[in-house]
Amino acid sequence: MDIQGVIHFMQNYTYYIGAFGLIFIGLFIMLVKRNLIKVILGLSILETGVNLFLVSVGYISKGTAPIFSNASIEGKSMVDPVPQALVLTAIVIGVAVLALALSLAVRLYQHYGTLDLRQIREQRW
Amino acid sequence: MNDFGLFLNGINPVLFIVVPLGFAFGIPLLGMISKKIVKWVPVFVYSFVLVGALSNIPDVLDKPIIIQIGGFVPPFGINLVAGPVGILFSALIAFAGLMVSIYAVVYIKEGPEVRYHILYLLLLTGAMGVVLTGDIFNLFVFFEILCISSYTLVGYFGNKSGIESAVKYLIQGAIGSSLLLIGIGLLYGLFGTLNMADLARQISSADPVTVFIPMALMITGLGVEAALFPLNAWLPDAHSSAPSSISAILSGIAIEVGLYAVIRILFTIFGISDFIMFFVFLGVLTLLIGEMCAFSQNNIKRMLAYSSIGQIGLMVFAFAIATSHAVAGGLFQMISHTLGKGLLFMAAGYMIIRSGSMKTASFEGMGKRMPLTCVAFTIGAFSIVGLPPFIGFPSKFLIIQSALAKGTVLFTILTGLVLMGTVIEGAYFFRIVQVIYFKKGNGDSERNEAPIAALIPMFLFTAVIIIIGIYPKFVLGILDSAASELLNQIDYIRSVLG
Amino acid sequence: MQIIAMILSPILALIIGIFFLGLSRKMMARIHWRYGPPWTQPIIDIIRLFSQKSVTHGHLFNLGLILSLAGSIVVILFIPVGRIHPLSDSGGMLVILYMLLLAPLGLALSGGEAANPNTSIGISRQLILALGYEVPLLLILLALMTHYETISIVEIVFRQQYAGWALLSSPLVLSGIGYISIMPAILGIRPFEVVQAPQEISSGPMVEYGGPYLALATIQHALNLFIGIALFVNLFLGGAGNPLFFFIKMLVVFVLGIFINAALPRLRIEQAVQYLWRWPTLLALVGLIVVIVMKSVSAG
Amino acid sequence: MDRNQLNKWLKTPAKMGHKYSLHAVYFCTGCGIIEVPPSITARWDAERFGVLPVATPRQANLFLITGYVSVKTLRAIIRTYEQMPEPKFTVGFGSCPINGGMYWDSYNTIKHLDKYIPVDGWIAGCMPRPEAIFVAVTHLWTLIDKDMADGYKRYRKNYQAYRENQERALGKLEWPPLFSIGGKG
Amino acid sequence: MSLELLLAAAFGGSLLTYLLGKISSGLRDGFAVFVSVILVAMIAGLYGKIGAVTSYYHFMGLELTLRISPLSWFFAMAVSTLGALSVIFSLSYMRDRERTDFYYLMMLLINASMLGIVFSGDLVSFFIFWEMMSWSTFLLISYNRGSALAAGMKYIVFSIIGSMAMLIGMLSLYAVYQTVNIYMLSNLVSSASPGYLLFLLIVFGTAFAIKNAIMPLHTWLPDAYAEAPSPFTAVLSGMLTRMGVYGFLMIMYVIIGSVQTLNMGYGLLKFNYILAWLGAVTIVIPTFIAMLQNDAKKLLAWHGIGQGGYMVLGIAYGTNLGLAGGIFHTLNHAIYIVLLFMSVAAVQYRTGGERDLNSMGGLIKKMPIAFIGALFGISGLIGLPLTNGFVSKWLIYKTLILNGSPFLAFTALIGTWGTILSVYKFLHNLFLGQLPEKYKDIKKSPVNMQIPIVILSLTILLFGILPGLPLKVINSIIASFGFKSLNVTLWGIVSETGSLNTINLFAAILTGCVIIWLILKTGPKSVSASQENTYAAGASIPEGKYHYTVDFYNPFYRMIKPYLKDFMDIFYFKLAGWTQTLCNIVRKTYTGYVGHYVTYIVLFLAVLIFMQLKWSLW
């Protein structure tokens, strides 16, 4: 692959790299971190990555906002509106989950006195 | 069917989602009027839904009901597809929901009751949405409704184990949802549509490798809720820490709905029509591991939870065989599991209340103290093990039969393994039955039956278990058409897209 | 004819058996360098016993003894003595095998009700010993029945009168030797006298028998001697054409038995069973295998 | 046939049987037993007289009491005697059963055995030789012939007295009376 | 009268009995007896209708049928009769116990499901009734609590394994032939490949071998027999366990057919030959283990295993004599083992549940009827001539000897001698010997216990003297399997290679007994003596103060004990232990640490993708 190809790829798919980068970072945090808050942060990053990914799915390079104002640019250069709608929903859901997770974390801390997930293992096998 | 033909033939399936949702948000208002009314709201709502679901069965057997929300024609609008599968599941959800809500009337006494009922309605709404929707993103949304409300309900009592389980459930569930969302995004990126039928039509001509990644992501994401083997670590915790009514719903509805989503995606969207070796093995593995874990439990609810894993394994095994009989068997197994496990959790709930402990050893002499509950428990256990004349028998019969109909040595051996799981299952369930009936309790042996409102659903479950066990033809018709709906991708596409 | 045979056969057996009892006492005495009692002594004993007044311990005490004796008599009806074999077509060897059980079992039942510890010990030894010798005996009889392909003892005797004695015929010689080596156990004489062992457990199962009971028990013992030897004569020595020859053959075998009896000490019950399950069983097993092999060789 | 006639007819062989088939319980009460082995083994061979040691009193009809009788053994002697089937004969062997012998002044020895059980004959001496047993046996034959060996009949007849004697020497007996005390068998 | 009506009466009767029990116990008892007796009458009335088929239900697209064959009539008759006798026997045994309603419900339910099994015309009904029988038996085995629970667990685990094996066989038949009707299958299956038939024989055989307690699969039986309530143990041992024999007959001779079954395999490795050897092993080892038992019911239970070996040996050998012997032995065994368990139950009833042989004795004077039952029972068990057990064993032995299987014959015969030892111990330690002082005031067994005991004792004698009565029915059974019928007379078998004539035997023994009795009478009248008046080296025995029916075969034990452990039981316990350990290891998967759970999810995804890339699963 020549340098042109790389640049082309970078130009068109940077969003994806960013999105999946965030997703993997989020997953990595959830895999290795022991602190519940950090894990929740990882979750948040993961969700952000997913949202970014969704948005980038619908993005067209140099496209405009999907607002029906000018008939001439309709269709081709407008970004897809559906993923944006999806992302809005996903963000809402993500916020709900995050809020719930944090509130549960507070309750958990009240019970255990710690947020170290290695010690929060009463429920097992 | 025209757009808003609410009462044309049966009750419009949209109402199955709308009515509970509306009441869920109406509950706080009702709660201001009277707390007592609140606990009856789910009962009324689900009586209505049940009647609606049942009223739709005759129509559905002819031709699926397609409802286009907002009048947009698919693939552009969101649509509900109430085929035999959808109606079957909505009837099941409604029935289980109704029964458990009756049970909950007396069972839920402490804690924020009003919120319980809101979340309960939401949970079932989510489940109902998942089974009825024809749109993949809509499925995700309903799925999230289901999941979030169940996270919350698992921690309903706010005790140590509940919160811990809820947190763990939440983390795993959230990862699963994220993966699912990525998969949906990928699919949308590839095909530019979210309608299942449309996706299915396009996928059939797509490159299988390209399609595979979103599929794997979606299976994994939904697999968390469906409790496939390594993804099901949340299940025993959540089921055992939740209030028993919620355990019944989680076990009877939530994981089934998850599995429904998996098979819907596999069969309808990705058009799998031959058996899937990976899932056959996964099913057997899930079954064996679930049963083995259950075997070494002495906490009744954990045991029942692990048993659910085992049952899910059996269903996965059945669906993975992917013949029409097998899928019908899998669906039948879902019904029998919902009924049996729901009954077991409900009975166990009151047994736990009376004995004050979840340890199986504390149930000694229960047979004398709460005879009716114990009979219900026993029948549930027998049904889960698959003994005639209970409902577990015909379902297991159908599954094993279709596995053996494959006629290969491999499947015979796998069937043998599945039945080995049944043996283990029998061992621990019969152990409990023995403890209940044949061990003398050292505590008080006064008769202390569960309240009548808890007994009614148990009785109805028992009745249905026995009746369908003896007359499986009541459900076989709809099961067959449901199986053909699942397996027949072309028909699905044609009926949705016209 | 059959009726006459049925009456004649037990009487003959009784006479021979009691004669053997007397003979054995006399011969034992002579081997011990004693003068010994007259050979009619068992008859005198039996007469004396019948005139004594005994105790009974209950109905089973009587019934068991009666059953035991009746069992022995029925066995005799199945065993051909010369050409006298009144019942041998009613079930063959298998019935004999089973009827042989009736004698010890009847004594055991009778002794059981006597409620005496010595009886219990005696019975236990008797049953153990029976199990001990039945193992080789069954193998031997199976070898015979397999060889001759019949379960009828008359048929076996008949075949031997054409083909020569089984003891001397090539496939059955080991079985014959095996039978000889367990015969003392079947007859209940030394070295297998643990059942009675008068010095040790006061004559075991018979400890509570007195008077007529003891007389019947003695008769039973006599008949048992007869059965054990007659079986051997029939099965391995080709029976006989008439009772006289039969008697002579029996006498030879019995004298052999007496010498063994006089020469050997008593074995403990474990030792007895160990012996019986070792050498005679081995012989019998090899004998049976030889019979099977010979049969299959000659068949194919 | 008349039953009495039958009895008479049967009596003769029965008597012969009693005579020539004396199965004996040797009761080894004391030193006298040392004379028994020679008498039953090859040296003197009692079996030629029909005398044979048996293991239990149930099978016996001759009771040979060989030696002194202590109070303790008396109990066993009575018990054994009562367990023997009738007709039965008792012979005391040696001086001690007759009158205590050298234990005449022992506090613990029974002096007169025939106070406690009927004795049909005595063999005096300390010790009598084995031949004396055979003399006693032949004497016993004569007595049986003449119906004079009737100890068992006397025991039955005078059971009450015997029992009283026994109880006087031994205290209360553990076993119930053999015959009803009224004297009827 | 149709079969549905019969089964409806049986099942409905059991439920109704339960409900009546809530009203009055007397009503319940009466009704239970009524139902079970009516069933006997109804089945007896079905004799003429052999061959009738009724289709009663459609289950999941399958036609479920009931059918009377000679075999099923034979078994049904035995089941219902013994069931009725056991119910009659239970009346006083179960009085004043708890959960009596439950007991009768289960008892009649088991009876009904056994009738269902034998009348099933198709495998699905067979399986359904089989399962119902299994779980209701489980509930009743556990009835006595305490150690009964472990016994019940053992039973149900084995039972489920068996049913699952049967389920595989049944459904694979259905998958291949699209029918489960036994009689339609019997036409279709005979053309199948030998490998498939062997598979069928093995899976069905496993199920039936478990039920019939064939040697490596026997370990549930001793505990279950010992711990179940005694009248139910009678049913359990008499017929329920023998449903395995019925199953073997069904799969070997009805479905697969004699020609195919007997030609399965080569040389010494023929299926039926191996099965016969398993039967032979089942005869010998349990019989010897029975000798070591000190528990009356356990001793009988081990014999139950051993006798099952005879049946399997007979039917597996596959000659008309052997088959007749096996089937007849099933009936005979049912009769005498029921009788024996009833005798034990009668003793238990009076002694307060005592089963330890070492602590009883001398009950003959106190419970003569129970003694007679036990005596006839053990005579039948040994197979003494003139008892029914003799005839069936005779048939089996004869075929073994004459068809050149002397070693099988040897094992079968030696089993009999082992049997004598242990059953004599059983009889002696219960009824003979000294009566312990604590049982001095024991009463006779109640009348309703005596009636079944007497009936069964007489039946043993009747079938022993006139074996032609049942053998005629058995002849029609083996004829229906395609075997040559036996030449049966009323009192035996006529054959060139040695015939049997029980009436001669009977006459001879009877005459012998009478003559000897008369001889005994001519002697002086004997005096009766108490149990204390016994020879003890001159010592006197204080009343009731000594007791010695302990360790009856001690010298022998010392010899054989090391060899006669129940190795299979030990193995199964080990296996259960290993399973438990494995389960404990497996459940450690769920560590409780969320990080691991997340790893699982990631791993699952990775494996899924990897597998697709590597092997292209889709």
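Note that the chains are named A, B, C, D and E in the order they appear, and that numbering of residues resets to 1 at the start of each chain.
Going forward, a residue touches a chain if its C-beta (ideal position, glycine included) is under 8 Å from a C-beta of that chain, and two chains touch if they have at least 3 such contacts.
For clarity, every value in this text was computed on a predicted model and none was experimentally measured.
S.K.: Could you name all chains that are in contact with chain B and with chain C at the same time?
M.R.: Shared contacts of chain B and chain C: E.
S.K.: Go through the assembly and pull out the chains touching chain A as well as chain D.
M.R.: E
S.K.: Can you give me the shortest step count from chain D to chain E, moving only between touching chains?
M.R.: Shortest path length, in steps: 1.
S.K.: Let me check something: if the centre of a chain is the mean of its CA atoms, which chain is farthest from chain B?
M.R.: Max centre-to-centre separation from chain B belongs to D.
S.K.: Using CA atom means as chain centres, which chain is nearest the centre of all the protein shown?
M.R.: Answer by centroid distance: E.
S.K.: Most C-beta contact pairs, which chains?
M.R.: Looking at every pair of chains, the most contacts join C-E.
S.K.: From the centre of chain A, which other chain's Cα mean sits the farthest off?
M.R.: Result for the farthest chain: D.
S.K.: Which integer distance in Å separates the CA centroid of chain C from that of chain D?
M.R.: 36
S.K.: Using mean C-alpha positions as chain centres, tell me how far chain B is from chain E in Å, no decimals.
M.R.: Inter-chain centre distance comes to 43 Å.
S.K.: Calculate how many whole Å lie between the centre of chain A and the centre of chain E, each centre taken as the average of the chain's C-alpha atoms.
M.R.: The computed centroid separation for chain A versus chain E comes out at 68 Å.
S.K.: Averaged over CA atoms, how far is the centre of chain A from the centre of chain B? Could you give it in whole Å?
M.R.: Here chain A and chain B have centroids separated by 29 Å.
S.K.: Can you list the chain A residues in contact with two or more other chains?
M.R.: Residue numbers touching two or more other chains: 27, 30, 39, 120, 122-125.
S.K.: Two or more other chains touching the same residue: where does that happen in chain C?
M.R.: As it turns out, chain C has residues touching two or more other chains at 50-55, 118, 202, 207-208, 211.
S.K.: Any chance you could list the residues of chain D touching two or more other chains?
M.R.: In chain D, 56-58, 83 touch at least two other chains.
S.K.: Please give all chain pairs that are in touch with each other.
M.R.: A-B, A-E, B-E, C-D, C-E, D-E
S.K.: Can you name the residues of chain E that touch chain A in the complex?
M.R.: Within the complex, chain E contacts chain A at residues 587-595, 598-599, 602.
S.K.: Flag every residue of chain A that touches chain B in the complex, lowest number first.
M.R.: Listed in rising order, the residues are 23, 26-27, 30, 36, 39-40, 43, 46-47, 50, 53-54, 57-58, 80, 82-83, 86, 89-90, 93, 96-97, 100-101, 104-105, 107-108, 111-112, 120, 122-125.
S.K.: Residues of chain A touching chain E in their complex?
M.R.: 27, 30-34, 39, 117-118, 120-125
S.K.: Of all residues in chain B, which touch chain E in the complex?
M.R.: 167-168, 171-172, 175-176, 179, 208-209, 212-213, 215-217, 219-220, 223-224, 228, 230-231, 233-234, 236, 270, 272, 276-278, 289, 292-293, 295-297, 306, 382, 385, 387-389, 393-394, 397-398, 400-401, 404-407, 412, 415-416, 419-420, 422-424, 426-427, 430-431, 433-434, 437-440, 472-473, 476
S.K.: Under the definition above, what is the set of chain E residues touching chain B in their complex?
M.R.: On the chain E side, the touching residues are 58-61, 124, 127-128, 131-132, 134-135, 138-139, 142-143, 145, 148-149, 152-153, 156-157, 160-161, 164-165, 167-168, 171-172, 174-176, 199, 579-580, 582-584, 586-587, 589-590, 594, 596-598, 600-601, 603-605, 608-609, 611-613, 616-618.
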